[in-house]
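Consider the two complexes below, in which subunit A is the common component and subunit B and subunit C are the respective partners.
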Partner chain A sequence: MAESTNGEPRIGVYVCDCGTNIAGKVDVPAVVEFAGSLPHVAVAREYKYMCSDPGQEIIQKDIKEMGIDRVVVAACSPTMHEPTFRKAVQSAGLNQFLFQMANIREHDSWVTEDPVEATEKAKHIIDAAVHRVVFQEPLEAIEVPMNSDVLVVGGGIAGIEAALKMADAGHTVHLVERDPSIGGHMAQFDKTFPTLDCSACILTPKMSAVGKHPNIKLHTYSEVTEVDGYVGNFKVKVNKKARYVDIDKCTGCMLCTEQCVVAKVPNEFNESLDNRRAAYIPFPQAVPLRATIDPERCLQLTRGKCKQTCVEACGPGAIDFEQKDELVELEVGAIIITTGYQTFDNERIARYGYGQLPDVISSLEFERISNASGPTGGEIVCKNGEKPRSVAILHCVGSRDENYNEYCSRVCCMYSLKFSHLIKEHLPETEVYQCYIDMRCFGKGYEEFYKRLMNEGVVFIRGRAAEVTAASKRQAETEGKLLVTVEDTLLGVVRHLPVDMVILSSALQAQPDAKEVAQLFGFGCSSAGFYIERHPKLEPVSTVTDGIFIAGCCQGPKDIPDTVAQAGAAAAGALALVDNRTVKIEPTISYIDPEKCSGCHICVGLCPHNAIVYDAELDAAQVIEAACKGCGVCVSACGSNVPVQRGFTDEQIFAEIEGALA
Partner chain B sequence: MSAHEFEPRIVGFLCRWCSYNGADLAGTSRMKYPPNLIPIKTNCSGRVDPTHVMKAFAEGADGVLISGCHPGDCHYINGNWRTAGRYPMMKKLLEQLNIDPRRLRLEWVSAAEGDKWARVVTEFIEEVRELGPLGWKDQVADEYEQQEAVSA
Partner chain C sequence: MSKPKFAMYWAAACGGCEIAVLQIKEKILEVAENFDIVFWPVATDFKYKDVEAMADGEILLTLFNGAVRNSENEYMAHLLRQKSQVLVAFGACAAQGGIPGLANVSTAAEIKELVYIDNPSVQNPDRVFPVERFEVPEGELDLPHLYDTVRALDQVEDVDYYIPGCPPEGPQIWAVLETIIGILKNGGDLPPKGTVLGAGTKTCCDECSRVKKEKKITGFKKPWEVPWDPETCLLEQGIICMGPVTRDGCGGRCTSVGMPCRGCYGPPPGVTDQGAKMLSTLASIIDAESPEKIAEIAATVPDPLGTFYRFGLAKSMLRRAKV
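The block that comes next holds the complex of A and B.
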């Protein structure tokens, strides 16, 4: 570790223990000793948490006192802390691009079984970074204008909340929703736990605020099909599906719905418990309150032949069977994804009889039955119209179960308690059984709500239900009932509960197209399909793509208070970006030396962003800096090796290869 | 050297947006795979130049993996198509140099496919292990230095 300087690079290597995340597998002292022996390395150090203030200060002190002019930090993924360390070296007076990160956590200590092998791999990874950093050059970040508009994808409570916050702050917000109305699942709920606020009473004012807000452009019955660009300057294509109704003319009078001859379309909003027409408005509080004609059920649209009673009924002449899908192009500075969840398909667990036994119902079906605006007008009744005298609620259907989803859905215990309360409120004489594994009542006021329910006479049975069967007709006392078989693990007995209704507390799952959506926007999702935040604790609503945020159940199952809190956090994150006039982007773009370029045009045609033009005067290709995004395609395509990608030069990559294989 | 003793050395070029994050996901999911591949990050798989691949073999790599976004998912619209276009050419070049083209592999691994990353790396390491050591470094080191001198 030489002290003198003679124009040679002086590299500092800092190896992070990350608590035991790295040091638990990798022999960090051995790695530090190895790093210290590499050419040009002036100092190599170990620290427990390099990303902490004291950790950063070690680097800064070495830069100032030892004249360190190149820095390698061997720690976690650069996705996590590259910005942290770049800032740290920059504030110590060293250009931030004279820093290189070696990922020995995600790519090594966490994926390698054997400690000796993990230690060897860490050495190779660090060697590659040390070789590379020698050739790195100072670069200045490029500043580009920031588009102050924002896009929110998904119009459930999370999207509504985020859109309102940003619109109130004065930004134009585009809210894209796949369904004909915003509202999401929350619009289907009756009451909300633990306060028992009526869901519609707290949601619909926000929905109508969205509809009326001068800064919110609502795109319902629409889906994002293409995303291009980068933070500050995203270009998004939205497919506005034809709803065959001119929403500027439609008044939401519902006369078309009343006159539509196709009467038996399962009503999604009521979980198919009743029917809607082919011309429909999903629910009376829909925003926008505009009709939609179902292209899969409308006779005119499917068979080209119908009496068109809807057209006759429509006073303003809003119905237009010639309407086509429309592609809307948006330009925004930041994006918030709030695409929500789906519930578990209960039929996958055949032994619970869902789909076979009529009075085994899903949680969302119960929400609709108990809702005053639902298909039964809020009367809790069985399929035969009679009031149930006993109800069993089965917890963890499709969650906490290795066969389906390992995770806990977080909300089922609480909504099951809410159901019990609603049943007791409507039908005080009805017996209610809860078959649970554990009661998870973790939120504010939740445990208190659980206690309250115990005093309301609800019977709690600790045990996952084994099966639900139709009771034998030969036994008079249980005839026509459902039999729930459950092991009461507290009493150590198997019980057979004869009940009139069984409610399955279905798990929350990622949307069926969650993976495609993640790919479209350029971030990851877990194997269960929930979107991955940049950091589970400190950046819970950011994604790996700068300028794209996530909130609500698309990130993981959560209740309404947590969803609203995340939506607010995502809105704040987006505002912190779009409130700036400019945004700094990576300067890792290409440069073409006109002296060396022969003007062959090969790169011009290959550039994905049309960022290379042929300059006739120079007889050379030239890069338009503002358009270049730094893919490096031109560099590897050029026959004469003329284009240079700053930060990813051949020299740097060659050096990295040498180090990796040294 | 018997197949058991031989530990292949592999360089992986990972695009920053999909495959690098996919490999990160394998890490955060604590999936386990063998340690033989050292990752090198580029912005796009389209940046990977045939000379990078040759350089890796010349430096002693027994295999090279290039991994980018799935076709259609490229952060740079179609940068990965350039990679796909170049791939058969690179394979042909390897054949001409008497290197088994199976030592070079192109894969599409998205940011969501931590499991696929772990599987691809494991499979590729096994495949290269069966092919045995390349030993190209010693054979062509002199030649390579001459070429480098010309291109520099």
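The block that comes next holds the complex of A and C.
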């Protein structure tokens, strides 16, 4: 075996043709010749497909027979094949970090027009990699123990699904929900499209399965306040808000809610269409079926004075006005975020009259009105109690609109169709107008559902509604009606539709506190506030923070099947981690020499992954290896260049720049 | 046996370094005891010609303070290098270019224009400028030529050691002199060439007594704009303190009395450009949501060049494109 005798590095450079992807533009033989002339390069070769098995074998053979101890592959993007070549190098007995990839495809042949320039550019890119690889050092992956418990944040259908999957797999799942009951938006829906299943009928069995599951620890009326740690070892603080009811004693008999003297509290579950009491259970199928006392409305809690009829009514003596918020500390190995969405604030589009005209209602309000357990007992009626003889459904309210949200909310076309069907089912004589921009019926069975609705007598008008006004009292035939002005773009006429009810198909938006939540857990938000996945195609439920997954509408608007599928994927992702005893961490991370650190704390607060702690004994910042992602923030922030990012040292980067400019 | 020879010279500087040497107090007698002081214009009456007459390397130790900004400074830098075994860049100006280095944002002509014409207290309708040569009956008088660019000593001559500070702290000066005297008496090796003497290897924060926590800056303030708080890190109070990018060794004197570090000890080991490093550090801890807010906060930095490069402009990576 030929070995380097003088301690000088022996670099092998392998230039890939990538079929014609690279060789079609770059003069590969000339590049290989150039690479062979660079300092420390012992061998430079060309091959048609370096990533193929024979291609990899060339490298492995050279490592073994020629004593090559540094490898540069000039081919595609490292995102594509860095793992391939790292493995090949490692299995030939060379540390995988003594390998460097030079991207001469995406950075060069694909984007450079002139072949001469492309060839020159390839030389510079390879020169940079060769300069750099000289300074690369062997690194070893770091292994840390894994906590097998998981945390799910958000108890809508996504959180419920993910929690059940993981609990069934034998893991302890902590499910944290902000509201007094799990269920989320799906619990409010009447039917689901396009199968018209009763939403509650398919959801509530899952909800009660969560409530009864021995592996699920349910934390309702609770919020995560602090997240620390890293994959395999997260430490999470959860604030359990005082519900002023001992949930171990409460039986859910609802006697307290019947006796409560504060009767006029808007009922959130019914979109404030009716009232609840200050002592309440949000809905009959709530899980847990336990009462909560609204601290903002309860007379005892706000004024310190009440007859306390609830206390009298409560057999088991569950009501406790002295209850305080409680901080619970959890330790988990992985986290799934399923915090859902909010609907668009319709009042922002004043010309639609929401909030001004009583019979202009939101989509969620309609869900409750048409629901048999809703405020009208499932009767579709206007505010005056009469059945509407005509209804207009306005699509894209707050969606596909540069003034509000540029994106499509993906579900509004379909739920609008569902509304049309429900109206036609309840009130066959009622006219239903759909004012749409485009019908987007892309899911399984969706187009068929659309076809079905076209045969049910629904009138489809292609055009975004301009405004909704109250019809003039002077015109007898439209008196008391709402007038929807819409340009029918297919007919080329402006129409004024006199209707009794207008339903606004409100956009799905990120939760108002999405940004804070993202920051808390250490990943990013799009400008619209939806959580950013690690890769839009290949890692749609992972985040940039290892061990933290996202699913459902917090990642972007989606329907129930997609939400459930994502929840399953996130559960699988989390299980794939927590089923291991240990977790391996990329070693290209930061290191702080305590002898050099001055303890100024600048880096401590900056680390987006909470990976830097101040060690008072050493009077120095220290990197928690398992939490560091190697982002380099501390490296650039430190006033004395103490943090060193392994694999990206100043020496390596300056050498790379030197090579690129050579 | 004659004593080793000692020299000290004052180039483009304020004179503070000369005074600072006297901060070693009675120890100056020990210097005189161990060294033969052969050249020290501010304290002794030796002339340039006395130095010129010396053999090369005759002086053991020369402390050179001040930057090089004119032909006389440069001549003396070359001369003292030639005559000295150990040449020390003494003080911030010699080591980093110091405050005179800030002149590098102007040309010599612009500076003369400001001083002799645009100065509000000057009346000079005939535009009379000093001339470098002037004939008088007794002969020719000359003034040194003022350069456009101010340089640190090591940008002009080979330097053995650096003693930073504006001025260097007395105890640190004595520590260096004591070490050298010790080596002279008892033998031993001098530190490797290029070593920064009389200073630490960390940053000013290490010596500063204030309590440091995580830093989030929402606006920059001047020291008199914040309530007196002897406990909290000045940077956390929004006062631009160069402590995090400045070599320790001074004992944290400024911050202990509520004044921010100005950066006179130069960058810590591993940092080349003190000002650029401070920008990088500050940019990391500005707490703002939007680019507009960042710009708004950044606009509150008083005199950015003079703050970040107060002592280091001459040696920074920022070089003038042309003169």
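Basically, the second predicted complex is superposed on the first by the 450 of 662 C-alpha atoms of A that agree within 3 Å, B and C clash if a C-alpha of one lies under 4 Å from a C-alpha of the other, contacts with A are read in each partner's own complex, and residues count from 1 in each chain.
The rule is short, and it goes like this: a contact is a pair of C-beta atoms (placed from the backbone, for glycine too) under 8 Å apart; a residue touches a chain by one contact, two chains touch by 3 or more.
These numbers were taken from a predicted model, which means no experiment stands behind them.
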item: First, second, both or neither for A:Ala637, with subunit B first and subunit C second; value: both
item: Partner touching more residues of subunit A, whether subunit B or subunit C; value: B
item: Which of subunit B and subunit C A:Glu402 touches, first, second, both or neither; value: neither
item: Touching partner for A:Leu606 - first (subunit B), second (subunit C), both, neither; value: both
item: Which superposed partner A:Glu329 touches (first subunit B, second subunit C, both, neither); value: neither
item: Partner chain in contact with A:Ser527 - subunit B first, subunit C second, else both or neither; value: first
item: First (subunit B), second (subunit C), both or neither touched by A:Phe654; value: first
item: Touching partner for A:Ala118 - first (subunit B), second (subunit C), both, neither; value: first
item: On subunit A, the residue positions that both subunit B and subunit C contact, one per complex; value: 606, 633, 636-637, 641
item: Complex contact set, residues of subunit A against subunit B; value: 77-79, 103, 105-108, 110-114, 117-118, 120-121, 124-125, 128, 228, 515, 518-520, 522-527, 532, 544-545, 588, 606, 608-609, 629-633, 635-637, 641, 645, 648, 650, 653-654, 656-658, 660-661
item: Subunit C-facing residues of subunit A, complex; value: 596-602, 604-606, 619, 633, 636-642
item: Subunit C residues within the subunit A interface of the complex; value: 201-206, 212-216, 233, 235, 243-246, 248, 267-271, 277-278, 280-281, 284-285
item: Contact set on subunit B toward subunit A in their complex; value: 9, 11, 17, 20-35, 38-44, 46-52, 55-56, 59-61, 70, 73-79, 82, 86, 110-112, 114-115, 118, 151
